[in-house]
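Two complexes, one shared chain (chain A), two partners (chain B, chain C).
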Partner chain A sequence: MFYSPLLKLCGWEDEQIIREKDRLDEAFNLLDLGPEEMKVAEARVLEGYDVDLLGVRKALGVWIGGMVDVVLSKREGKKLVYYSFPPLGGLSGVISVIGKGEILCVCPEFILDIALGAIFNRIDPILESGEQKALPPGRALCGLNKIRIGAITEGIIPVPDLLLSSSFYCDQGGQTDEWLREVYGIPWVVMDNVMDSPRDEFPRLASKRVSYLAAEMENGWAEAASILGCEPDEEHWAAYYKLYSKFNDGISKSNRSMKADPTPISQSNLQMVRFLRNGISYDRFPEALRAIETLVPELEERVRRGTGPLPKGSPRVCSFLIPQRDQSVAHLIEKAGIAVPVTFLSYDAYMAGMDSTCSTLSERNARVELMRGLYHSTWAVLHWTKQAVKDFELDGVLWTQPMHCRPMSGTGYLFKKAIEEELRVPVLSLEVDWYDNRIFSGESMRTKIETFGYLMAARKAKRGPFPKGD
Partner chain B sequence: MFVCGLDIGAATAKAVILEDGRMLSWCVAPTGQSVDSATDRVMKEVTGKIGIGVADIKCLVTTGYGRHSVSFADRAVSEIVCHARGANFLLPSARTVVDIGGQDSKIIAMDDAGNVTNFVMNDKCAAGTGRFIEVMANVLEVPLSDMGKVSLTSGKPSQISSTCTVFAESEVVSLRARGEPCENLIAGIHKGIASRIITMGRSVGFSKEVAFTGGVAKNVGVKQFLEIGIGLQIIIPEEPQIIGALGAALLALGG
Partner chain C sequence: MKALETLDIHLKNRALELLRLREQGQKIVGYYPGGYVPEEIILACGAVPVGLHRGGEHEPVLIAGAYLPRWYDTFIRSQIGFKVLGGDAVYDLAGLFVVPITDNNVRMLADAWEFYKLGGLFRFGVPHRKTERALKYYLDSITAFKEKMEEETGTSVTDEGLSEAIHLCNRERELFRKIALMRKSRSSSLKGSDFVKLLHASLWLDKNVMVETLDSLIGELEQQIPSPGGGPAVLLTGSTLAYGDSKIITLTEEAGGAVVMEHFAEGLRNYWDDVAKDGDPLEALADSYFQRRIAPAWFRPSREYRDFIIKLAQEFSVDGVIWYSLMYRDSYTVQSTLVPKLIREATGLSTLVIESDYDMEEVGPLRTRVETFIEMIKRKQGCSTRLF
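Up next is the complex of A and B:
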């Protein structure tokens, strides 16, 4: 089987390859991924990922499996639900629990970005198709939404039975799904709002904000349940929490290991593992759990031995997230000697502030989402970023900022000013698209990153880590 | 011991050779289509001027956008770091460097040792770069080297509202058709570039003294509008184009 070497590299066992052979044959045929493409993918995995870590390899394998699942879902008679990123309130998870084996609930653009993009380097035609098919001239759109549109219109992934959108974080996801609804007549459930929270509110949460988001979630759940013909009960929620909390526990442990110097793993590799909870279906989730459970002791061992991709004492920064489309940006950062022990998305200190006084499940979920910051405001994102800088005693912030992302486009200068003035650490605001590397100039980015690394190393040598002020 | 700094920029390649901290030789040549050919050309020229061979160079540090393409380099360092180091060597009191090259522009803050403390660099747009002036020189059919001189004769710079190279070109063509004097148009173009640089540099700040490097520093019109806008005198090294290469050579020296 021409795909066996790649799948084994990505942590698949012989037995699993044989068990899924027919599905793999069919899916790779549909995706036009032949022997040559497998060789390209092998080279990209070896070049881009820390394959000494079996947990990383297994996680890559889960993404490939997730891609196979979504491509074949309708052929296998499953109901298909697409939710948009970032997912809201666990609904996608609990739908997966209820519909185990029958309903596939996934974030397809995330799966394709990593499986077809990062591993197979085949995402650009999908992005281009998304631009050609659905974008009015001159309109920018996040790469994730381009992938969703392009992959559906090109027939790479099936048309789903339900679209589950949240416009709390970004209205572009909702608008993308609205377009798909109009073109394909797909039922659409949207949990809507705008992030208009006042600057000084966070970390306090206005009760009206919590109750509104909770109500939107409850309405969304009810609507989705009626369309799918299933109603989540307490047992479903308990099963969902049990499985996902085990995964989150592994993620928390791996995040904590990143406090070590040197960091035991490249943040971009860890991020790829962490994102498994945002993309793949419940049916694939036990494999994701095994990947993280394999990775945690591997990272702990590296921390004990004091090894990692960069030498001890390298400048350390926080980012929002590392572009995932391929590993080139992550490599630019690491080649400049910069470690990224934490990102805004990996920093989970917000969980410490959660209490159990919420009267309903939806209220609890609403509080979690708002306290996390993304669904609250730009100021909340800034709050946790500053907290991460202090908590991890960082040397700077390398802010990856997409200009076409509605919630993030205004953060570059604002974050630079706020963090540099308050924490006295340098901030480099880097224009990127997290999911589409056609957007930015790699050479200009390299110059900025290398200079930033030099600048931080010079500061660190002069004043020691985490300067408290001039 | 001979050390060399080689700056492969978008428009020109520059090389500087130092011995014991003294500049012995330098040269500037168009980069052209190939980084390899440009490297060969400037290395032959810069070594030929003092009668040595490339093999006599003990350490070569490269910079500029082509810095990672020179196989025999000992080290590649970003041009921002090199410009700061080179400017500090020639102008020790400078704390800000405005560098406008063929393809990009940067504002660099540095300490008394020439270490970068903050910087900002343009992203994808050619506005505020040497390329912008080159395009406008072609449109107005004025030699590039005369653009600065001509603009100084203007009593009333034209209002060029667009900072985008493409849109500004069409704006300049329209204004010219309406009879706007050429010197006013050129002064307006320079004023627009200065304005963009000043806006970009606001996040870094302009501290005394300000050094102006890169090929565009040879344009006295841009210098004048920068001085007016920043409110500080701007110092230009004798050969502003070679400051990156000089900084690279200093880094090769271990300085």
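Up next is the complex of A and C:
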């Protein structure tokens, strides 16, 4: 089978390849991925990822499996639910639990961005299609939404039975789903909130925002349940929490291992594993769990041996998210001798615990979503970023400022000033697109990143580790 | 028209007047236009509401580049630019800036304003869906705003004071509606650019002065002998048509088109509906400013917004629709790929989508596009005449 070498490289076992052979044949045929494309993908995996780590390879394999699942879902008679990124309130997870085997609930653009983009390098035509249909080029619009529209309109992924989105964090996400609803008549469930918190509010949460979001989530669950014909009960939620908390435990352990010097893994590789939580369906989730459970001891072993992609003593920074469509920016950062042990998104994964004082499940979920910061305010994101810098005793911040993401694209300016003034560590704000590298080139950033690396190395040599100051 | 000449004088004198009012101890309260901040609350506290809505100039956009990346709506960046540049009385004198937190662009304006300490800021929370709990949230925002204004001015808002302010603002709305509806006949000598000037003036001038001006203008318009004609009737819609951003309307009129109706954030939404005079005044404000307000593009869903534009186009019997939005205002950018198509399907009208970044270099290409659009409509009309 022409795809066996790639799948084995990505942690698939012979037995699984044989078991899924018919599905793989059909999906790769639909996606027009033949022997040549498999060779390209193999080369990209070998070049872009830490293939010495089986956990990383397995995670790549889960993304490919996830892509196969979504492409075939309708042909296999499943109901299909698409949620948008970032996901809100656990609803997507619990729908996956209820609909095990019958409902596929995924974030398709995330799956395609990694599987078809990062692994196969075949995402550009989909982005272009999204631009032609609804999200015109040159307006700094989000690549994830372009992928969603492009992939559906091109028939690469099926038209779903339900769309789930937030109406308040990202305007583009809601607009994208509404466009799809208008064009295809897809039912659409929206959950609202208002991000009107003043700067000094966080980490306090205003009760009116918690209760409004909780009520919207409650309503969203009810609407989704009535459309899908199934209602989540406490058992479903318990099953969801059980499965996903196991994954989160693994993520927490791997995040903690990043405190070691040297860091045991490149952040971009770890991020790819961590994002499995945000895109993959419940049916594929046990494999995601195996990937993280394989990775954790591998990282612990590297920490014991004191090995990693960069030498001990390399300058260490925090970022928001490493562009994942290809690994060039991540490699550029590492080649400049800069380690990224933590990102805003990885840090929040274990900082926002469940609050046992909440009276309802929806209130608890609302509190968790708001405490994570992204759904709270710009200031909450700044709060956790500063906390990460202190907690990881970092030498600086290399902020990937996304031009396409309106909730986040202003943070580069604000955070640079705030962090440099308050924490006295240097901040480099790099203007990138997290999901679309047609409009920027990693190479064009080489000088900036290398200079930043030299600067931090010199500072570190002079002042010693954080937080002694100059 | 005499009323318009008087209006110009009032506008010219407004800066000095605001300065005098502030010296007399009155608070000047700036607000972001868009139809979600009830001016009645500001008036009931004895303060002076002024909409910060200048735009159309390139320099403030450039200046704002030091504070925000260019990936935000041009109007949003302009507000930072005008404030930083100084020299505009409205921006300089407003001690508090009230920002309704609506979409990502407006939220970032508030964040930047607060972060760079450009002045006092009040975030006015606005939900994105019309539900009972969203209305309750909006009502809570009104209450918080009332408390903030009481704290700022040291004046308690009474039901009586609020009712008076509602009465005054309703009167202004009523007059605006009357003039707007007169434009339906196409025989009105009031140009679209004049009406937009009135709308802009209403965000700056004293309400009583506005009422007086609108009243006398109506008198003048009623006296005039109807003169049917004019070029193709155009509905102008989109995200923001700021004070100073006259390019699109001027080009349309110069090309021989007649703008007979416009729907932007700072226009129609403010005058289309009255605030109920009976019942609890705060609840009446919430009902009018949120529940009955025509939803903008960033609402979920935004179908109400789209349906309303189609209805406007039909009711005003326009010949074409120009969609004018600003760069990087995502909600409107996405809608611009859908709404013109829906308008064409529903009405058969011609549509033109224009985007601006307040750059002088845009004018030449825009002129060609607008002239072509108007010419195309004229030919279409000529063709229809011959056929039928």
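As a convention for this text, the second predicted complex is superposed on the first by the 451 of 470 C-alpha atoms of A that agree within 3 Å, B and C clash if a C-alpha of one lies under 4 Å from a C-alpha of the other, contacts with A are read in each partner's own complex, and residues count from 1 in each chain.
The working rule: a contact is a pair of C-beta atoms (placed from the backbone, for glycine too) under 8 Å apart; a residue touches a chain by one contact, two chains touch by 3 or more.
None of these values were measured; they are calculated from a predicted model.
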Partner chain in contact with A:Arg406 - chain B first, chain C second, else both or neither: second
Touching partner for A:Gln267 - first (chain B), second (chain C), both, neither: neither
Partner chain in contact with A:Asn255 - chain B first, chain C second, else both or neither: neither
Partner touching more residues of chain A, whether chain B or chain C: C
Chain B versus chain C as contact partner of A:Glu431, first or second or both or neither: both
Touching partner for A:Tyr212 - first (chain B), second (chain C), both, neither: second
Touching partner for A:Tyr454 - first (chain B), second (chain C), both, neither: first
Partner chain in contact with A:Ser167 - chain B first, chain C second, else both or neither: second
Where chain A meets both chain C and chain B, residue numbers: 413, 417, 431
Complex contact set, residues of chain A against chain C: 133-136, 139-141, 167-168, 170-172, 174-176, 178-179, 181-182, 188, 190, 192-199, 208, 212, 215-216, 377-379, 401, 403-404, 406-407, 409-410, 412-414, 417-418, 431
Complex interface listing, chain A residues touching chain B: 413, 416-417, 426, 431, 440-441, 443-444, 446-448, 450-451, 454-455, 458-459
Chain A-facing residues of chain C, complex: 67-69, 71-72, 101, 103-105, 107-108, 111-112, 114-115, 123-129, 131, 133-134, 137, 140-141, 297-298, 300-302, 327-328, 330-331, 333-335, 337-338, 342
Touching residues on chain B, where the partner in the complex is chain A: 65, 68, 77-81, 104, 115-119, 121-124, 203
